[in-house]
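Structure record follows, encoded as structure tokens.
In this document, chain identifiers A, B, C and D correspond to the written order of the chains, with residue numbering beginning at 1 in each.
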Amino acid sequence: MAVSADPPSQVQVHLFAGLREAMGWSEQLVELAPAADATPHQLWRQLGLQPAHPPAGVRVAINQQFATWDASLAAGDELAFLPPISGG
Amino acid sequence: MAVSADPPSQVQVHLFAGLREAMGWSEQLVELAPAADATPHQLWRQLGLQPAHPPAGVRVAINQQFATWDASLAAGDELAFLPPISGG
Amino acid sequence: MLAIQLEAEPFEPLQALAEWHQLLAAELGMLPAAESHFVGRVRPSGANDSPLTALELEHYPGMTEACIASLAAAAAGQHGATAVLVRHRIGLVLPGDPIVLVAIGADRRGPAQRCCQELLEALKHDAPFWKREWHADGSSAWITGNTAL
Amino acid sequence: MLAIQLEAEPFEPLQALAEWHQLLAAELGMLPAAESHFVGRVRPSGANDSPLTALELEHYPGMTEACIASLAAAAAGQHGATAVLVRHRIGLVLPGDPIVLVAIGADRRGPAQRCCQELLEALKHDAPFWKREWHADGSSAWITGNTAL
């Protein structure tokens, strides 16, 4: 069918610092569930990231820009979960 | 007489910057009037410094410490009139 | 004028400032009337006063640089600063070694100082860096907040 | 630790900071975790936008040095700063040349920055310095206030 020839809807997910270490991986190509309205929040659950409800200090970036937890993800996006920042 | 053998009551007066230039001198040994209660304010008048009433921005130092216009001067003191400061 | 650099190796803040001065003199013809600098170095002890062997700085390649550039441009614009320099370490940094250098050039002291202060806070809170403290016994801990102001 | 110096000749702020670092490293064994610097230079034009050929700085020998030392000690004490450096020009200073360098070492960024800012304001308002602007036509004028913050 024509539909099966479509490229899979994938998102590249990055974890950093304590979150990366707790989960044991730093990046993953994740298949978006077809017809699902994918958001960072939904992917956090889909990937089984802990704790199940993302802690207040954790931020989200889509394509290397800060984004909200309910932003819409599109195929090919780069999504990152950023634990509490401590620079400078 | 014993009194005439006393050392004269002198104060060293310093002027700076615009005040020095306006008056045409930078330091002077000034004789304190005997029995006068000498103060910076009184010396400003005695020296004929201009304007007759010292402007708000001008400050006074006695022995290189900021002082008030009505502080008591003693023989040997170093008195300075400091026009508005602009350092740094 | 923004000059931003992540440093994977130890850097000398005064050397970085000297290079920045050369750049400024070449671009502006003259150094700015007011300059404010901040240098931050690794403390010898960590969050719970235990001695540190090193501080590790993780970042998000690409996003961190872009983020610093955008924070720097925003701070410069807001305060009317002429020039901004940011050098920030990544990787393992030893106690006493510089982590961050922020320098601002402006025409007046107030904007230079305020811009320097605000950009430093912005870097601490809004640029993706993560610090991990390493201890003598080989243990380590990620820091989840900033040091007190 | 106070390091204060009046400079009758041009000085290089980064060189002065390098010497200060050597002194700090020798005295404290390690450089402070937070350092805030300010450098002020002569602007190319004066109070009424006319080009300057030079700025002249007059001071009160003895009192000026003592005054800076006491302002520096007070600021350091108030903010808990570890180290203070002040270098201040006297005499004729050319456009673009440094007039003042203030550097503060402290354990935290807030005290370092606040101490640097407050000491600079104190120097501007409470240390006996007087500035005279010299113009190309040989005329000059004493400045009776500070530049805007």
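Methods note: a residue touches a chain if its C-beta (ideal position, glycine included) is under 8 Å from a C-beta of that chain, and two chains touch if they have at least 3 such contacts.
What you see is a predicted model, and the numbers here were worked out from it, not measured in a lab.
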| item | value |
| --- | --- |
| Minimal step count in the chain contact network, chain A to chain C | 1 |
| Separation of mean Cα positions, chain D and chain B [Å, integer] | 28 |
| Approximate Å spacing (C-alpha centroids) for the pair chain C, chain D | 23 |
| Rounded Å distance between chain B and chain C, as computed from the means of their C-alpha atoms | 51 |
| Multi-partner residues of chain A (at least 2 other chains) | none |
| Per-residue overlap in chain C, given as positions that touch at least 2 other chains | 40, 120 |
| Pairwise chain contacts, counting only pairs that touch as defined | A-C, B-D, C-D |
| Complex contacts: residues of chain B adjacent to chain D | 14, 16-18, 21, 57, 61, 64-66, 80, 82-88 |
| Complex contact set, residues of chain D against chain C | 14, 17-18, 21, 30-44, 95-96, 107-110, 112-113, 116-117, 120, 147-149 |
| Touch list for chain D against partner chain B, complex | 40, 57-58, 60, 62-63, 66, 88, 99-100, 120-121, 123-132, 142-146 |
